[in-house]
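Following are the structures in question.
Common to both upcoming complexes is subunit A, partnered first by subunit B, then by subunit C.
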Partner chain A sequence: MTENQRQSPVQFSVPALDAEERDRWPVVLEYADEGEGPDLVDLSHLTRWDLQDRDLQQFRPGGVVVPERPGSCAFGNGVLVNRMNRTQASIWHLNPGEPPGPPSESALTDVTEATVFLALFGPGVFSIGEKLTALDLSRPEPKPPFLIQGPFSRVPCQIVVLERSGETDGGLLFTCSRGYAADMVDSVLSAGREFGLRPAGEKAFLRWLSSVFPETE
Partner chain B sequence: MSLMLTCPVCGRRNGYEFRYGGEDKGPRPEEDGLTPRAWCDYVHMNRCAAGPVKEWWFHRDGCGSWFTTWRDTTTNLEIQPPEDSE
Partner chain C sequence: MSRLEHLPTLRIDPSLTLPLHYRGKTRYGVSGDTVATALFADGVRIFGRSLKYHRPRGLYSLDGECANTTMAVDGVPNVRTETTPLVSGMRVAVQNVMGFPEFDVMGFMDRLSPFMPAGFYYRILHKPAMIWPLALKSIRKAAGLGKISPDFRTIGTFEERYLHADVCVVGGGAAGMSAALAAAESGLRVILLEARPWLGGCWDYRSGADSDALPLYERSRELAREVADEPRIRVFCRTPMIGAYNDNLVTAVQSGGEDEGFTERYIEIRAQSVVVATGCIERPLLFENNDRPGVMQVGCAHRLARTYGILPGKTAVFSVGHDMGLEAAVDLSELGVEVLCVADAREDGQHPGLVRALTERGIPLLRGWVAARAFGKRHVKKAAVTTVEGTVRREFACDLLVASAGLSPVTGPLTVAGARLAYDVHTGYFLPEALPCGVHAAGRLLGWNDPGAAEASGRLAGVRAAADCGKTVDSDAAEAALAAHPGPESGCKLVTAPVAGKKAFVCFDEDATVKNVRQAIDMGFDVPELIKRFAAVGLGPGQGGIPGHNLPLLAARYRADTAPPRPTTVRSPLVPALIAAYAGAQRDMCKRTPLHRLQERDGGVFRRTGVWKRARYFSDDTECREEILAVRNGVGMLDASTLGKFRIHGPDALNALQRVYVSDMRKVGSDRVKYSAMCNDDGCVIDDGVAVKIGENDYYFTTSTGRAGATVEWIRYHTRFDEWDFHLVNLTDALGVINLAGPDARTVLESITDADVSNEAFPFAGYRTFRVDGWIPVRAMRLGFVGELSFELHAPSSFMPALWDRVAEAGKPHGIRNFGMEAQNVLRMEKGHVILGQESEQRTNLLDLGLGFLWDRSKTDAATVGAVALEQAEDDPDRLTLVGIEMDDPDRPAKDGSVIVDDRIRGYVCTLRRSVTLNRAVGMALVEAPLSAPGTHLEIFEDDCNGQRLKAKVVPMPFYDPEGKRMKG
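== the complex of A and B ==
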């Protein structure tokens, strides 16, 4: 039987230094000429689910309780759960280990290949964000992690502010429809050029993630 | 005219993020004894009032919530519900 190859919609024009295949996804672990940050990392290979039900509190994706208030997030066991509205939550598996397999509940939908998933982190990230969206990503309340849903570079996105330190430093994760991937990456890299933004591999993301959530190490 | 709307989940946002869902006409009429004319009026007829109107909006580019809000159609500004609607 032929096995289908899975393909990220993001292609950086930088040679990969280290890569591997995982669950039929080619995953770049490190790119040539990665800088000191800020970094843009393609995480489209990480499993993402949507959860929809009239009673979200009965679900424990990855053992994590779904937050009650829309816009709030919960992280545990490598799983980030973002409450979107009264009946929906998004579930992002940030742990690069063994993929969780197909969802067992009918309320869950695997949207991994429907969206692009990017991480933007490092110094000056919120200055880059200000060039791309009118959404207030660096607002003082609530404390990260929190979810904002709205246009980023004019494209409807789910944006999770995962870390904020100082005025402009920190990091965020965001998803949008897969078809916008090339233009989204192009506009983010263009906006971040003056801040030294470069593509980075999964290793850089995991270093940052373990600095935000030390228990993921 | 510019438009800002207040989503119950995301807060005050640019009107371009929303899709208009029509006037709020109240609950769906009971089917017992419902005439075709009454149903047609419920579905298709609008007040088209110049002034405060209660409307449905969908936060298309945001959280995906449907909600109702009041808008003054002469100024295109979101307004507090008139007292007699409470």
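== the complex of A and C ==
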């Protein structure tokens, strides 16, 4: 019998050390045996919106201006806005606090449930990425954050490179269709085994996020 | 054999011994050994027998350039033991040996060589024709090295890696490292590929000095340290390049070690510029018995000593054509090998310092001399040397004959990258005439043998590569630096010793001799490409490694060509790789619904359906009797989450729907769903589903599972010229779906929601939103796909497990059961509802399926996709028609897809099952119009009918509840 809870598409086979429930969603804050990184964190509980309109510039999701150039991203107030194409942007609410209410404008669609949302960060992350995608995640230009859309472990994904430090270190956030969650997580963990990749909880993600964007601390 | 343990060039750790098993004995190598060097150190000299003549073969190149030392290792045949690192406990076996390596029963084949001239099996074994089938059988049995079981599975971990770089440098010798450093200094990302386990190339083991009097091995280590300290350079050792493709895509295969977590790794590198600095291999010297164990190339003998600490022999004769041969003779003499003489095919041009060193050691240098023959049945016991004209001959008792005619540039990477090669008279090499855009060459490959020149040419290539990447560089300075060094040396032009060539092997792998090549030419095969195929030169596992350079030279010399020689074509893969490496990790990425785990818990048997895994059954009963009866008599629940689900919004959303759906979508309401279908331009049905209005210019619609992935693009494609303002959001994964079906469905639903779900408040085709248990948001549709009272409950995916359990709990008093895809398939078939793809194929249009009632012909504001074709097909009498059929024998349903025949094929069965509900075998079929009348008798052929056609007749549909009272009640 399932508890009266919502369920993430990601179930790591590691016991949780610390967890809390938000909006009936059990969120793992810390897993047992988290290493020194790299880390893989399930962020599927964080709200994501899809924004589509002919004039995206008129919108200020979370007070953030939608970037003009496809592939570019803007971050502010805990909201990451990723320009996908001429008429579309994705909006990821990275603050773990109270989730924003349902979108008030018809151009917005809540797609939190449509995708699995993962963070992959730490040493050797881009080497892990090289095992999973032919996309050039570690390219020197543009400066992070930037958005790449394409196959990751053969599955269409939105990938935002949030940080790059050195040739292979840094971090990225990515989403793909929720149904692929189990295989995607398994694939990423397998690829990352040689680099010491382990599941980590939301606390690890927030530590990393605040190191990338000190204003979020 | 004791090792030379204190050489600074060693790449082994003599203190760490590793066992391996060979011929029933445990032998020992040391850490750093290859399988071949470990066996050689243990006294093994014959590593296998040759393909055709079963001649003994031994170490030759130490780079796996031929099949001499391919062996079965841990059950894997044809492993190149010269380059395979020794792993503790390996089990090694010889190949192509009947008996023992020293005494092979098939060794007599060597004496039959006069009866096996070039192409003998093409010419001789057809006369008389009746012997060919027998000969073919024998040849096929004899062909190939190694044995493999048809069900052999490669063991190991295989994966792929996709790398990006500004500059990719192929070859980690001095030139390659210099190129990488020069490019990295410009701030570029560089990838450096090296086939051997370490950087250094031919400098790694050589004690000769560079211009600063620094031993070459020390200089190479110095460069390697600089490379390691440069963070922009990523080094991949044990990673030979295997191919090159458009836009500088370089492919390679990396071999893993015991601790690296992979066996082989396929690598693709996308680079802006490529530098090839692969150096040279040695061009084999052609003389009688040049394949005898104990004959080896200069680099092989030298590296055995310097890299692995193994003396290649006690008493040696050298027959060489380049200064590296003289250098090796001096060095090996220093290390304890008795060098009886050095025959140098060149009359002059030797480095004075090396000549002096030979003289100081009392080693005679015979200028203009060459090895003519190796003696010894199983191993070299004596060598004969002669003047290149063959006028004078001397013999030396020895156990080692170090032989090499000259150097041969490793141009394969350039060739596969698109470079055309031409013969260079000065060096005697085949060199690129012009390089493709963004490709550069450097180092000994171009004849820059002087140490300073090799480095300078590498730096120049690196600078030019940086320029390709848009960097401002000073290439003039790099060119001037190179010009300050001696230019490429003149190469040795000797092709073959003055011998008949009966057992002078051009190609070791295929036992092809100089004589065979001459025979092929005599028979009219006048170009190397033809000779190669007819005489089987370079067609074995080593490909062109051994014969690639010699064959065109030999052919040109024998034909007395005035035109320059032309090389044969080199193709990918440049070195062999396991098929498993190309296959990579091969993860089967599939989707699972939010209810997957719960259905697993309930005993679901899953099958792949497109990108999804879906529960097909919930028991061993593939007829699904209990599942079907639960739905017909009580209540059942199905996971229908794979349905495509979309939001379309914007001012022109309705126009877009009008365009792709055949119905008038203006009639879509907010409290009722509308069922409709999409056709392609041919009027053929591609999708069906329901739509509902959820707001102003805002609709929610569903598609079939199979079409979900293509729907957005489909709608965008068919509205691409209209500049309509609408937007699509794919919610397929965002919402799960439970189909709650059966006469008790309403009772179950009533118990978990406060909403009024009575027939009056929530009629058939109705759409409502409410909450289950006060917290689970649900979009509910009254549908009847399985022919019963049904509620489709759409809920956000994270809520689905809770909803599923809640419905199951509420249904328990009513005997609720899960039902899977097969039960649904039968239930809907009984009701006469179609599944696209099951009751249709590419040619089936809307009218064929009896769905013409969906088509609204009055739409004018947005032309419907497929409408024109439907109009044309409307009066076509030759189309297939979907009909209900019933088998004469209720216990013998025909298979789906079986054909309906008389004297020709007249249709086919779409779905047919023994109906548990009706106790009849019924189904649907597409038949030609004349056969569609009820009562028409049909004959069905299927592959298991043993010639006895099955009998059926056309019957009215639907089979179950034709008035729809149960569905709408």
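The rule we apply is simple: the second predicted complex is superposed on the first by the 213 of 217 C-alpha atoms of A that agree within 3 Å, B and C clash if a C-alpha of one lies under 4 Å from a C-alpha of the other, contacts with A are read in each partner's own complex, and residues count from 1 in each chain.
By definition in this document, contacts are C-beta pairs under 8 Å (C-beta built on N, C-alpha and C of every residue); 3 or more make two chains touch, one makes a residue touch a chain.
Because the structure is predicted, anything quoted here is derived from the model rather than measured.
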Touched partner set for A:163, first subunit B, second subunit C, both or neither: neither
Partner chain(s) touched by A:134 [first = subunit B, second = subunit C, both, neither]: both
Greater residue coverage of subunit A in the superposed arrangement, subunit B or subunit C: C
Which of subunit B and subunit C A:84 touches, first, second, both or neither: first
First (subunit B), second (subunit C), both or neither touched by A:183: second
Touching partner for A:30 - first (subunit B), second (subunit C), both, neither: neither
A:71 touches, of subunit B and subunit C: first, second, both or neither? first
First (subunit B), second (subunit C), both or neither touched by A:148: first
Contacts on subunit A seen with subunit B and repeated with subunit C across the two complexes: 88, 134
Contacting residues of subunit A [partner subunit B, same complex]: 70-71, 84-86, 88, 134, 148-151, 156
Touch list for subunit A against partner subunit C, complex: 1-9, 11, 24-25, 44, 50, 52-54, 87-88, 106-107, 109, 111-115, 130-131, 133-136, 138-140, 153-155, 166-167, 177-184, 186-187, 190-191, 193-194
Residues of subunit C that touch subunit A when the two form their complex: 159-164, 189, 231-232, 234, 260-262, 268, 270, 585, 587-594, 596-598, 611-612, 647, 649-650, 695-698, 725, 727-735, 773, 775, 796-802, 804-805, 809
Partner subunit A, residues of subunit B touching it in the complex: 9-10, 13-14, 17, 59-65
